[in-house]
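Quick heads-up: structures coming right below.
Next come two complexes, and both contain subunit A; in the first it sits with subunit B, in the second with subunit C.
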Partner chain A sequence: MSQQKLSIRLNCPLPKLDFDVITLGHGSGGVLTHRLLDTGVFNVLKNDLLNEQHDGAVLNFNGPVAFTTDSYVITPIFFPGGNIGELAVNGSVNDLAMCGAIPQYLSLSFILEEGLRMDEFWEVLLGIKKASEEAGVPIVTGDTKVVDKGKGDKVFINTTGLGRLHPKANIHANRVKPGDKILVSGPVAQHGVAILSVRQGLEFETTITSDTKPLHQPVLKLLDALGEDVKFLRDPTRGGVATVLNELATQSGHGVEIIQKEIPISEQVEGACEMLGLDPLYVANEGIFLAIVSESKAAPALHILRNFDPLASIIGEVTHDHPRQVLQHSRIGGRRIVSMLPGEQLPRIC
Partner chain B sequence: MKYLSEYRDAALAQELLKEIKAIVTKPWTLMEVCGGQTHSLVKNGILKMLPEQITMVHGPGCPVCVTPIHIIDEAIELSQKPHMIMCSFGDMLRVPGTKISLLEAKANGADVRIVYSPLEAVKIAQENPDREVVFFAVGFETTAPANALSVVQAAKQNVKNYSILASHVLVPPAMEAILSDPETTVNAFLAAGHVCTIMGYNEYDPIAEKYKVPIVVTGFEPIDLLQGIYMAVKQLENGEAKVENQYIRYVQREGNIRAQQTIDEVFAVSDREWRGIGTIPKSGWEVNEAYRKFDARRKFNLVEEISEDNTTCIAGEIMKGKKKPFDCPHFGKDCTPERPLGSPMVSSEGACAAYYHFSQAEALPS
Partner chain C sequence: MSQQKLSIRLNCPLPKLDFDVITLGHGSGGVLTHRLLDTGVFNVLKNDLLNEQHDGAVLNFNGPVAFTTDSYVITPIFFPGGNIGELAVNGSVNDLAMCGAIPQYLSLSFILEEGLRMDEFWEVLLGIKKASEEAGVPIVTGDTKVVDKGKGDKVFINTTGLGRLHPKANIHANRVKPGDKILVSGPVAQHGVAILSVRQGLEFETTITSDTKPLHQPVLKLLDALGEDVKFLRDPTRGGVATVLNELATQSGHGVEIIQKEIPISEQVEGACEMLGLDPLYVANEGIFLAIVSESKAAPALHILRNFDPLASIIGEVTHDHPRQVLQHSRIGGRRIVSMLPGEQLPRIC
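Right after this comes the complex of A and B.
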């Protein structure tokens, strides 16, 4: 993807504002706040519910609703393939999708650090607009606060999402049974490596971009076609695939076995992980998910996922053996336990 | 991936295993020197694939594990000085000092940064002329050239706010220390491929001859390790004890001369304490007189103390191959990778951390 600014790609230049940077006044609730919201947030993200400009949005629901919230504090806020705004929208959209829900509404809260450049704020806002439109999920309510310089890290974002449950969804770890197959919807470890490639002190040249994207379309297609045979869904963000599989093993009480050579990974990402001394299984993703489906429905599930990403793959299965543990069959035929990460994944010395 | 996938080939691995099984007739204990090799043996599940006559014991070649606790304390003390930026390789951060780790010092407000190269630390020093930048220069012969180069560059560019806290250790004296222990069980060594990339392997000939042990310079990929094990076992079965080179694609007998010159420019050989093992004569490098201005220890008047380590940790016996992590009463109970009591449980290259995962696999039905 081009690294050109979103505002240029969308032909959407920053409107004329009184200040070049965010000031404490923009969070005061007074004139500056209103100007920022009117020319910025409301104008960019406009929709009927948001246009009400009320303290909250009034929504209609019938039946079960999924409800999720997440905060985004990523450094740097701009990275190859996206920015914190896109991440904040896609993240909550995906959390809803993993519940088996159809994402419908998002809230959006900014905590801005005094001194944040207005053009950077604009880029983030356009990222939110783009992601919200691509996902088809409107922002219907929100908040903006400004903290003193040094008390934040440019911009923190919280989004909360609501979505109607898919009528055929029945996603619970305790429905997972030995024999069920584990599918991954695309190549692993892209997001984490893309972030590392631009983090201060670690910059290295690469064309790897974050995989951030909404995942509800493939999820809903799976649920339409396979219903209750889709038993568990999870997007392996922080902690990566290894962490999700460990959570699955713990929550279901069964064993998990994966086959290393079936796990899709791009050559570039694998090379970067080798160089940095990181295990790709623990690296964060923002645009793939793991699905556990009945053994008999693994083939049609894979077919559906491959319509969205040709690298989707069946990477393993749930087992009776070694309950609550994740085992990997290595490429050369050995086996090892894939454990939970004890704290941060730290690069090795040599 | 080119130059990697070839060395992870399943069919070739099975072939080598078959050959190892075909020649082994007696029980042998092999020590892989380097923590990177330990990590690879465990990660690829190789330990469980080997015939039962072959026991791998895990050597002292994990830089995180052998750095004495008082040097960790020095790094933490330095990091807490005002205007200080402490730069370090990632996995030194979690190693517990006497009271806290660098990671905890960071949480308490110290400016501790992970870098991948000491040259990045020099750059940080140039970008922050009003602050002091110290690079925590640990490691074996492998990391020494880059650490030395950072000092040379800082001197050339007149970067006065850069210094290194050196804790360099050398492999051959440690191998001798292990072999001269009357209780040693080690029959052969897999020497550390990357160390030999720098230093070559001339210095191993006298060791192989004196102690009658085969030494095979070995790489890190599964095929490298299996081939190294095969070569060592073949020597043992034939009653030979010579130095061989498995890692021919990187290692030459004389090593990397330019790298060695850079090391000699900046460092001088010194006695060095190894965590859990004790002081081994002439087993380390410290910053020499010519570059004393870049020695953090002298610059900040640090007084080197004798470590008072956690006496419950049997790291020394583990790193000498005398005991296995299972033999420790604390293993997996009050000592885990999340809350390590001693250094071998910290790094993924440490024998205890590796076994912490392996021990769980051991309990599995095959």
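Right after this comes the complex of A and C.
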């Protein structure tokens, strides 16, 4: 695609990048690396801390700080609802939120494959900028490496996040007790189905899009209002809701029961799961989270979550019975054990 | 290699990992990921913070904190003097030190290629453990992804580091002034030549080994003794000494002059560079750093550095003349401009 066409499509002036594709020289640390950073990365993501261009950023903290890291290897790098850049920002913002922290800073590290088209790199970079601005979390330090063609896959991204703990946060699996309620903040399985649809070239009446988005606002509202009654938070990405609930059961030592008909899922995603032979409980999500709250605060918690997504729901509870196991009551009245994802369902989903 | 032989070679009992190679399932987030982490990673790297097994670690800080990230894509992953695991720990420890910080915590993120031999993964993990213990910097949070065979190259690692700023540190290129002296903490070009020798199957009388090691001890001694008279610190990794000095000249707006005969280099490395047609000023290092200090404090700075390496040396100074350029006085009396690395010398050197 010509620079001009791309500029129009992205609705953004492009930098003069001299090259059409990424070369090994862009990872040399020398002139080409500097040119890529100065005209591309620094220019797009600019802020006072990043502009120091030192080996690292210097930040100020006073008190407990959450620290989380994730590498993103999703394929394809562009998908309905986002790209790997947005995913990499939102993913680490959300991991901070799940620690009960207010996301503040991100680092950004690229592993680029030689031959990556510069317009694709540019589009990913703009995805990062957009997500970083929407979440209000600046990129303050970074790194760029290039690997030879055939030794990577276009773009891998690592983001590592820092955020100060919410003063009322006390998020630990071992604080979860029988009777606590399990809430989900929105409909399940959207991200995984969106990715699989692109990979398999499936078409639906309307496109199923990834739910990638930052989740810290609803989390912070929950913590503001309910404090220590919010006991556990987790975004069910790889492995889906089933895996998070199994981790919770194992770590807390209690049982978990969920009610299938209370689990929100869009009709279209449910239909796609049936067609693809997927259990939506195992499908990856990027824009919802599970919250375990005291029984007495389940109603106000649901009220808060529904301000952000009307499909938020109380899907089950923590039990004395069947410790370390997750049980689902099905729509037709049966009960079954929901185990942890045994093998691999959808590789490279995030 | 059998588990038993490997156990003997690494002088360490191996965990029961069930598999001989990494599979896509190890990146699923489900049962296999948990098994790999519980029996492998967590068990090897265990510490109180990592053991929380949440989406992130919660740390305490009070004051300015340095934050730095790097991805490591070196090939081969095993080389004389170390492996990618040690490099990934030492590299980020050193980037923190170059900010004038006391390294405290690291995150660790793997991108593994499907089919990676489990014994190789295990050896890398032990390299990480060893380097983390030697530097006294624990791994407190992490992530593991797996990409399909042919879409990665055995192991890529991201480490992101946090450290509290040394109370006397004030490291900025814009504090550098004409007259300041340039010191190097040890002999140059060792890492790059070690890697290139393995790649090209070259043999020397004795093996040239990478200089990968943590550098925070000499840096902290310099800061303890000389405080603000230490103006700039940088480890010359990719792009070598020439690139760092060019960055310094550009960022400070001053000139830089270095004296070739003062630049320490081992006879063997110098011979190898000649044979390979490499200018040692551009070759990557992993275990040395450049320090710019006030003229009046150059002698005590050198004294401190020589306690760690007798080959530490004052190699030049910052000048009013030829601003933004680096000049080298050669052994035979000539002068030449040393520019930034224009293309790529040794891809995937770190």
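FYI, the second predicted complex is superposed on the first by the 327 of 350 C-alpha atoms of A that agree within 3 Å, B and C clash if a C-alpha of one lies under 4 Å from a C-alpha of the other, contacts with A are read in each partner's own complex, and residues count from 1 in each chain.
Methods note: contacts are C-beta pairs under 8 Å (C-beta built on N, C-alpha and C of every residue); 3 or more make two chains touch, one makes a residue touch a chain.
Treat the numbers as computed from the prediction; the structure is a model and nothing was measured.
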Checklist entry - Given the touch rule stated above, what does A:142 touch, subunit B (first), subunit C (second), both, or neither? => result second
Next on the checklist: Just checking: does A:21 make contact with subunit B only, subunit C only, both, or neither of them? Give me first, second, both or neither.
Outcome noted: neither
Checklist entry - More residues of subunit A in touch with subunit C or with subunit B? => result C
Item to check | Touching partner for A:225 - first (subunit B), second (subunit C), both, neither | outcome: neither
Checklist entry - Following superposition on chain A, which residues of subunit A contact subunit B and also contact subunit C? => result 339, 342-343, 347-348
Next on the checklist: Could you list, by residue number, the parts of subunit C that touch subunit A in their complex?
Outcome noted: 23-25, 27-34, 52-73, 75, 95-96, 98-99, 101, 105, 107-111, 140-143, 145-148, 150-153, 156, 158, 160-162, 165, 171-173, 234-235, 237-239, 243, 251, 282, 284, 339-345, 347-348
Checklist outcome for this item: Within the complex, subunit B is touched by subunit A residues 201-202, 267, 270-271, 274, 276-277, 321-322, 325, 327, 329-337, 339, 342-343, 346-350
Next on the checklist: Touching residues of subunit B toward subunit A in the complex: what are they?
Outcome noted: 1, 4, 8-10, 13-14, 36, 39, 42-46, 48-49, 63-64, 89-94, 103, 113-116, 120, 124, 138-140, 142-143, 194, 222-223, 336-338, 347-349, 356-358, 360-361, 363-365
